[in-house]
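In what comes next, subunit A is part of two complexes: it sits with subunit B in the first one and with subunit C in the second one.
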Partner chain A sequence: MSDQNDPMAEIRASFFIECEELLEALQDGLQEMDEAEDGSEDPETINVVFRAVHSIKGGAGAFGLEALVRFAHRYETVLDEVRNGVLHPDSDAMKLFFLAADHLSDLVRACRDETPLPEETSEELLTRLDALLGDEGGAEEVAPEDFQPMGLSLGLDLPDLDAPTANHFTIRFKPEQELFATGNEPLMLLRNLCDLGTSSVRCNLTDLPALEDLAPETPYIEWLIELETEAAEPEIRDVFEFVDGLCEIEITGGASEPETTDSAPLPEAPSEEAEPEAALTEMPEPQVAPPPPAGAKPEDKEAAKETGEGRKGGAAAAKSVVRVDLERIERLVNLVGELVINQAMLSQSLDEAGLSPHSDAMNGLEEFQRLTRDIQDSVMMIRAQPVKSLFQRMSRIVREASAAVDKDVRLITEGEGTEVDKTVIERLSDPLTHMIRNAVDHGLEGAADRETAGKPRAGTVKLTAAHRSGRVIIEVADDGAGINRKRVQEIAVNKGLIPPDIQLSDSEIDNLLFLPGFSTAKTVSNLSGRGVGMDVVKTAIQSLGGRITINSEPNKGTTFSISLPLTLAVLDGMVVNVAGETLVLPLNVVVETLSLGPDDVQMLRPGHYVVRVRGGFVPLYDLGVMLGYRQQRKTEAGAIVLLIVLEDSTRAALVIDGIQDQRQVVIKGLDDSFYRAPGIAAATILGDGQIALILDPADVIAGMGHMRGADLMLSERMIANE
Partner chain B sequence: MTEPLVLQPKLDLPAAAPLAEALRGRLDGDVVLDGSQVTQVGALCLQVMLSAATSLRSKGHAMSLTNLSDKVVEQLAQMGFSPETLAEGRG
Partner chain C sequence: MSEQGQNNDLELLTFRVADQEYSLDIMSVREIRGWTRTTPMPHAPDYMRGVINLRGTVLPVMDLARRLHLPSQETNDRNVIIVVNLNGTLTGLLVDAVSDIVAITEDDLQPPPDMSTDPQMSVVRSLTVIDDRMIRVLDLRAVVPAASDEVA
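For the complex of A and B:
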């Protein structure tokens, strides 16, 4: 039973995926309700919220997840009162709804992972939810345990579209091959459908071929279900949610649409009407009719097909979505990676063959390159997901964090639709959580301090995402007091992180926050300050190929900006030679290349040089020395230098031996079993099959950090003296 | 009278092709399907049986189902069939 082909296990898994989506819709709906002016909520929003909880309950019931059903049911009962206009949630009630939604998602996850359920919290929240009913919904006596499939207690007289009148629906359901391949069975769906009310099920066998011609794994049959139910069409659609895109579904009828044209027989074929009818079977009143003769008449099939198409056209064109196993996409991404490498190799061999750049082969190759790039972009788009789910998780973090430190905090999110590689999203969750907690705990002042400073009592944390020049920028901004730089420096000195007499610029002081073991909170709250500092955040962001920067203004607030690559799979790189090795530098950091003249380099102290670039001085590093490929040379004159600018505006000049090429490279991660070499981010395979290391320039420069601050100051002084 | 064909316990997707194969070999006479072990009937196997029933009838033979549990009969009903209508290939 427990083999991997167990259809129940697969359905269960897809139920939990579905739950995540429903929880997301629930959060969205609640957010919308919360933001709406009192009484101006869109009734559809409340419906969405209600339906999300209801669908979770329904699915949970099918899997016997009692605790989940129980909680969802009572939560739903309260939401139903809101839907029916009996209960008008105030801000406290909305807070409770949010808490209940959070708890519902905890329960879903606990059920999914089969971990112990937080029963106590359930009880507490249920008591509070029931209290809402007791206070406001007094007109109605709801027995909390009264398990009705739908909360339909009131609202009979309300002009609500979802009002519980008995609706008659005709549902046509034709499974497709993929439905079975994904472990689903029509039986389950039919059963769930029949649970909604009184139904009669007929099976249309018109297309079923004789056994000799039958492909056993291809579905030929379709079902027509006549359903009398109090449920509305969305509830019926919910039944088929798990098989969305895996079957043809057509729902006609309903209260507002008593008769439909779709289900009418073809007008021009009265004589044939009997034929499809004969092939329909009905339970519980089976019709006695002769079976269609083997090898049914082709025109009958045509007629049936036409009917099918007519119906298809009548159904609203729903956005069709395919769920794909991430592994398959990974495989595709890898293949495209290979394609890029292969194309580079081909390009190189054609080059070496001495073909004219205007030859057909070269032109063709150019086209090939463009296509490869397009394919690559498209594949990356498959993996891209909006950051919305991540942001929603953060709104919960804000709620919990603000409650823990007793601050009133509002989270504003922007750019939720910004798409980022799925892997990036997953790995951003922890660092972002930490940053949000920090913003609430350390960033924002207490209400009293805020009032003294002339700010509103409620603090604001703003979370934004945007695409900027090929990267994703995510910002966490608070409107707090800003970084207390004096204190930060004090702590850093006390902890021995920096020498006491060092002069640091504002941004250098801000960056001290990222030093391991740094914590400014005077008291360790139970929220942040658990020994996990911003250095962990920085490491996590860096491991994603990202950078984090701080911008803080006294009394206005602090903004942390994370800049991330759009994808972790490809990189536009500059291929360079250093001491006989081939290395790749991310192209986006290289701003200029120069060749050094004899007077361009000035020594600060032995082994430490700066280079004059456009009236300024930039620290000069020999990449070969930094990576341990060679000893410091006596003179760098004549060498080629790459001028790079990092995310935090740090500038540096890197000495290299030569520039080979500028091209897109496929990032191949280095196995964990390798020693993590400082300054090396990953590796790639070049066109000639050679392996080249991809540098992480920020890490390379950071390796020289101990001399950087001093060097920069010296070079600034040199500019001043000029 | 040929031996009854004993149906597999789980008549799901993997069972459809072997069932079709077994039935194709028996289209030259009456077929008795023994459902005593069946716990689950899926739509694909249902199709195979319906198609076999129609094919058999067209050749003048009959198909019958025996020893079905109540649970299986209920499953058939939920899909719009009774054991009899199924055996006749018309549901």
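For the complex of A and C:
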């Protein structure tokens, strides 16, 4: 990257990445606290919340981000009261905690992007946070400089010891190379240790080689500390908590401690926490004898300790991960794409060579195909991310939106672990934001109306994600009044979108919402109703290869379902011939193939045919004609027909000339800078090196001058009414 | 264009389209490749021949004769596709045959006579004479339509 020359910039960047993780953990924790009944919160949850804020504060201190430290500190103070059981947050307090968490993430981002900090909001929130303390008592204003590094019990299974007695410990502390590589400072640890009681520290230099033999980055020295303290062993271990696994520690002595001589403090020492950082942070100075840092600032002490902690928090949340430049993954994806094409070419040439299907070459090829597919799946998995981050952003949108329209709204999320291609997640954020706002603003009624309707005052918006038959389904459901169809139709008529006397079915009316220029809000509210409406959402979803459908029930609510492809890179396709061209149809829309008998096709009116399939009539389209490859033929009898069903249950029969194959194809984007073909979603490269176009069946049918689904019937009726 | 009047050397790639001689600044030419069958795009303008596979990317190919409103020739094996780079976007131009690379100076270029009613002339940036033959220098920006031109 470009910042290679500046190690600080890299460390800083990794701090902000950690912050994102911590903020996520914070959100999770708060959510859990919020959902738990009063008093039944898991103390560990509060610890997680507290720790996240604490770690952000620590890291921010190290980078001198004063405003962030200040806010995080006072937020943390309040959370500490909760942790200690002094303060029991009610639902208002929880709301405030959420707001504070949102604000904290704003501050982090402002610091990262070096944009002006929203100081006013800080002040307001801090006042409200302090008010919480005031009410409950126990509010002591702690200046940021005063706080001590806290020995947090980070879920360690160590026995609690009450009854402090004067204990004598001998501690041997030998840092390893990683300890320095991760930016820890032994001096700080020793100082912290000395703070626990009376101590004498000796430095053991016996291992130190002569200067010419000295490897500058290898630590050679160890310290022996004699400590008289009231503290028990766990507290001493706490001092070394953040360098756990990065050094040798032996603690001997103590009054009431039976297991005092284990040299590895924790059996499951999570050593991976050091690895990602070790590569990044190279200590510039040799680490033979750590000198006291020049110009040490007062908060350095906390800083050193807490960057360690931040690391720990991040690592604990994210298991063992490697951060990889997205570009490298892109390259891998492209290479795998090439591999798939190449394999198709190889397969074709082996076919043409006329080898027996039982020959070694063909068997090998089969194995090769299987491997290619596995590689492809694995590579796609790298790009896949859980939708959790997206959903968390949405929970913030709900909070803000509900505050703006003064409605009490709960967001329930399900299936946060559902993994979707990273690009899809990124490009889903805007449409989803819009839909959530719509649900809060238009979908849900006001509290009074809800009570009249016999519903709880607080509205619910449910956001779910799930994998279903090779696609991702994301649903936004509210338990509001449902779509006011009468009103929707009125508006559409008033805006001249539909003729006034037309009779529409419920789903036809619902689909009017997607028409450009439609907005139902009676007044332009803060949130929505600026004219950019569901049509924009629909376009955005379609550009991702997705579909959106509405399902609304009066008084029960409205559900918007988005169906998306898992990845934007490969597609299971059916390769077909049409008028001498090779085309690919997404396999998931094809439900049946049939060959037409002479009596199967009926003419609806000139140029419009239907085909009878299992007792129903399905409109028949000749793909060759639709794409402009040939003229309408006199009869379609004998033709091969693909029966397709679109997301919105629209059925259509497509006339083709022949089916070649079913296979995975690599999606190649079409450069539509000067021509965008209707009905064509993308292209792929076939085994013979030729390009085949990938159809977007919904768009093809729409391109025939008909609209899909409800729109289709609508247009037919409009023609009939004319 | 702005570089006119300077004594910079200029290299032109000359080629034949419908028995006429045209040329392009060689700096905008990325490569020349033999004719391969194009995959036609549905409902495309008539000068869009379709797309071809250029080492794994999809390259749109334009029939230069049709684009210049010249009688289109039957395609044969000697036709070539000139791959040009315009602002980072690659486009293929189908021409009859590539003739030569000539080095001239900007002074050798003459502005075309004002014949603004002729649609073909708007894409010709300047004229030059080589071996007593008139060669038209194409303005690539006018030849390759911009995204906004073709939305409708």
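The rule is short, and it goes like this: the second predicted complex is superposed on the first by the 514 of 722 C-alpha atoms of A that agree within 3 Å, B and C clash if a C-alpha of one lies under 4 Å from a C-alpha of the other, contacts with A are read in each partner's own complex, and residues count from 1 in each chain.
Convention: a residue touches a chain if its C-beta (ideal position, glycine included) is under 8 Å from a C-beta of that chain, and two chains touch if they have at least 3 such contacts.
Nothing here was measured: the structure is a model prediction, and the numbers come from that model.
By the touch criterion stated above, A:Glu185 is placed in contact with subunit B alone, subunit C being left untouched. Look at A:Val201: by the touch rule set out above, it reaches subunit B but stays clear of subunit C. In the superposed model, A:Ile691 lies in contact with subunit C only, and not with subunit B. In the overlay built on the shared chain, the residue A:Glu338 is in contact with subunit C alone; subunit B does not reach it.
Put simply, more of the residues of subunit A are touched by B, taking subunit B and subunit C as the two choices. After overlaying the two complexes on the shared chain, residue contacts for A:Trp223 are found with subunit B alone; subunit C is out of touch. By the touch criterion stated above, A:Gly545 is placed in contact with neither subunit B nor subunit C. When both complexes are overlaid on chain A, the residue A:Pro89 reaches neither subunit B nor subunit C. By the document's definition of touching, of the two partners only subunit C reaches A:Gly628; subunit B does not.
Residues 36-37, 39-45, 48, 51-53, 56-60, 89-90, 144-147, 149-150 of subunit C touch subunit A in their complex. Within the complex, the subunit A residues that touch subunit C are 334, 337-338, 341, 581-582, 626-629, 668-675, 677-680, 683, 685, 689-693, 703.
Subunit B meets subunit A in the complex at residues 12-14, 16-17, 19-20, 23-24, 27, 41-44, 46-48, 50-55, 57-58, 75, 77-82, 84-85, 88-91.
For subunit A in complex with subunit B, the residues that touch the partner chain are 5, 7, 175, 180-181, 185-187, 190-191, 194, 201-203, 205, 208-212, 214, 216-217, 219-221, 223, 278-284, 286, 289-294.
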